[in-house]
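Note that the chains take the letters A, B, C, D, E, F, G, H, I and J in the order they are written out, and that residue 1 is the start of every chain.
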Amino acid sequence: MLFLARMDVSFPAHLTAEQVADFQVREKAYSAQLQESGKMQGIWRIVGEYANHSIYDVESNDELHEILSGFPMYAHMKIKVTPLAKHPNSIR
Amino acid sequence: MLFLARMDVSFPAHLTAEQVADFQVREKAYSAQLQESGKMQGIWRIVGEYANHSIYDVESNDELHEILSGFPMYAHMKIKVTPLAKHPNSIR
Amino acid sequence: MLFLARMDVSFPAHLTAEQVADFQVREKAYSAQLQESGKMQGIWRIVGEYANHSIYDVESNDELHEILSGFPMYAHMKIKVTPLAKHPNSIR
Amino acid sequence: MLFLARMDVSFPAHLTAEQVADFQVREKAYSAQLQESGKMQGIWRIVGEYANHSIYDVESNDELHEILSGFPMYAHMKIKVTPLAKHPNSIR
Amino acid sequence: MLFLARMDVSFPAHLTAEQVADFQVREKAYSAQLQESGKMQGIWRIVGEYANHSIYDVESNDELHEILSGFPMYAHMKIKVTPLAKHPNSIR
Amino acid sequence: MLFLARMDVSFPAHLTAEQVADFQVREKAYSAQLQESGKMQGIWRIVGEYANHSIYDVESNDELHEILSGFPMYAHMKIKVTPLAKHPNSIR
Amino acid sequence: MLFLARMDVSFPAHLTAEQVADFQVREKAYSAQLQESGKMQGIWRIVGEYANHSIYDVESNDELHEILSGFPMYAHMKIKVTPLAKHPNSIR
Amino acid sequence: MLFLARMDVSFPAHLTAEQVADFQVREKAYSAQLQESGKMQGIWRIVGEYANHSIYDVESNDELHEILSGFPMYAHMKIKVTPLAKHPNSIR
Amino acid sequence: MLFLARMDVSFPAHLTAEQVADFQVREKAYSAQLQESGKMQGIWRIVGEYANHSIYDVESNDELHEILSGFPMYAHMKIKVTPLAKHPNSIR
Amino acid sequence: MLFLARMDVSFPAHLTAEQVADFQVREKAYSAQLQESGKMQGIWRIVGEYANHSIYDVESNDELHEILSGFPMYAHMKIKVTPLAKHPNSIR
């Protein structure tokens, strides 16, 4: 079952460059693991924005929320989720 | 080069059911051809809406506009395009 | 798996009162069947609007889209779907 | 008399993790009591967001405001309330 | 129990001046009756717009929806309802 | 001459509970005086929000701005004003 | 007492060029009379839009609504009114 | 003096394909003349939309409005104009 | 050449009352000079808001930007500019 | 391949005038280099706003994101990108 997410990152002004870098390292590891497991089907940078579109393949809404809220940067992201269904014109 | 599109379909009230069905047949054929050529990487129904999210892999903005404006329902769709770049956390 | 929907109905101006009444009869029957099967957990009128909030319990996004697009008035409704997960403070 | 609420939580940046945890403990207790009394009919997490939808069954607008403004996190929440009426298609 | 409503009127283009005038006569009578019964506490024109703000004093959400959906122009109005509670600074 | 206002209060995070309480005491006194003079015809809490709707009866726009900008919390409120005219359906 | 208005004109598709021209003639005459009486202090075209900003000097909200609703094109305009007060930095 | 415009075209449903084609022929001629005179510095299609961004170099707001309102499709376009000034980082 | 501006002032929370007062003194002087030179044709307070509408008569977009960015409070204002053209119904 | 960008700059309140000036110097150098290479085709100030519109000519979305995220002020800018295609009415 697929969902499209848009995530916008916004760090509070008081974070140090080190704190931001640490967030990014942990975020990268977390994303890699999600992709390897097949839970995250893809992630793309939105050009010019500190934001991504990503697609998730999960069993349930609860699983998706668990995944999204587990992102290291979760407290600093605004996430919008769109549930996707099979399109009649898809050949896959 | 990837782009995410959101397309919302809105037919004028005076179309007959036959006209709508004809649009849908032609739309399906056009979409299939785009998918087979690899230009359209995927298309999904947005749950509860006469709308889709779809991803395109094209050489240029001009090619993308040619593809989108070629949809049989183009005159009855509102399309928003988001350019996508490689995300540093993508493992692909 | 639960989803909240908001549906806003908007009939085109040319529909007759009989056509609207027919839609309403069929809509009522369809809603009743969804409630009896447990697929629709509840439906409430939004005060002052030709709109409802309703909650669905389904197995998948595909099933939800099939249910929503099966509403007799589907072509005349604007639907927004919000996926719901278990809340840590829920005692149920 | 039913109302749907959407609550979005946003803590100021200077709160410590302990302060946030304390808020969450008190919030959970308050929510539990509202559910046990029947005042809160349900609460669900909006997937991917620090937000909930919840349904209240109260005697009056005044009672609802008293309940909502009594949430421990009230000062850090943005709440939107939608009054609900019986839907003609509801079988309950 | 008080509610503030904002109603915006929008007639379809095909209505004749007579039909509009008839709506207005019936609307005026309906409003008068609501005011005499105390259900409508006041109604004011929003300057420059075919719209009003009005205040209702009702027993329940169901009663309010029954009143609002009973307006002769209901099918041609967009209504937004805001539930009001006692303000701590009110001296009444 | 009547105006409807909506006021949303938002205190900066650094205010102490004492400062907020002091604001509220002065606000209450100021509101009481406005009501006693007939300048403020009513004030109601918007359910679930730190906001009010209030109605003013003044001689001019200048008088209204003087009144609104005199609120002790003025610097921490976002105010939207709607000018009201007599409604043809009002029986008052 | 001054008010700023923004008026956006939108004619229904079925009007003939003659009907539109007739509206424009009557609108021009009405505007001229308002300017000569000093009620309308100025009117300017918003560049690129079938819209204007205009400033009114009136005794009351009721007078302003009477003036605005008297425009021949009133039924085809969307009007937003902003009440203006004396600015402390104005030297007039 | 430069201005950026965004123009969105929306034809009414009753136009025939011939009428639309005629509009497009006249629009093309008008645009060519504006470009040859240097008044229009550039025009680009917004990918996926029946819309353009275009840049104008004019002597005054009046001249710009005259140019924009002279487009054959003017009655069917929604135009938004943004005034541009020299940017301190521009090397031209 | 005329432009309408709307300016919304928002001071950061850490400014002292003295700093705000100093801004206001300098702003008043700057505004007076603009009015005396005829560059600013008028300035009005928006009732209930820390905001103004003002009208400028300038030779070019560059001159307008120079004027607006010269306001002492410029860094704390959000400004929206609307270019105005002569209206055919204006008698001036 | 062309893209239009709109960039809005918003510095956090704690930056010193020196830090802002340093950002501006580096931004100017970066912009100059982009213009000299032909990657940035133009940049204009939006009148009255700390914002610009700029046009980029790049080979790919990835190159555009690299350019945009390389701006010294990138962390303090909100950027919106619009992909542009050749317009049929362009004579270039």
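Just so it is clear, contacts are C-beta pairs under 8 Å (C-beta built on N, C-alpha and C of every residue); 3 or more make two chains touch, one makes a residue touch a chain.
Source: prediction; values computed, not measured.
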item: Contacts common to subunit B and subunit I (chain labels); value: H, J
item: Angle (degrees, nearest 5) of the CA superposition of subunit E onto subunit H; value: 145
item: Between subunit C and subunit E, centroid-to-centroid distance (C-alpha), Å; value: 26
item: Separation of mean Cα positions, subunit I and subunit E [Å, integer]; value: 39
item: Rounded Å distance between subunit A and subunit F, as computed from the means of their C-alpha atoms; value: 43
item: Residues within subunit I bordering two or more other chains; value: 2-3, 13, 45, 47, 61, 64-65, 81, 83-86
item: Listing of all chain pairs that touch each other, if any do; value: A-B, A-C, A-D, A-J, B-C, B-H, B-J, C-D, C-E, D-E, D-F, E-F, E-G, F-G, F-I, G-H, G-I, H-I, H-J, I-J
item: Interface residues, subunit J side, partner subunit H - complex; value: 2, 4, 27-28, 31-32, 35-36, 42-47, 52-53, 82-92
item: Interface residues, subunit C side, partner subunit B - complex; value: 3, 5, 12-14, 61, 64-65, 68-69, 75, 78-81
item: Residue ranges of subunit B in contact with subunit J within the complex; value: 1-3, 60-62, 64-66, 81, 83-86
item: Residue ranges of subunit A touching subunit J (in the complex, touch as defined); value: 13, 45, 47-50
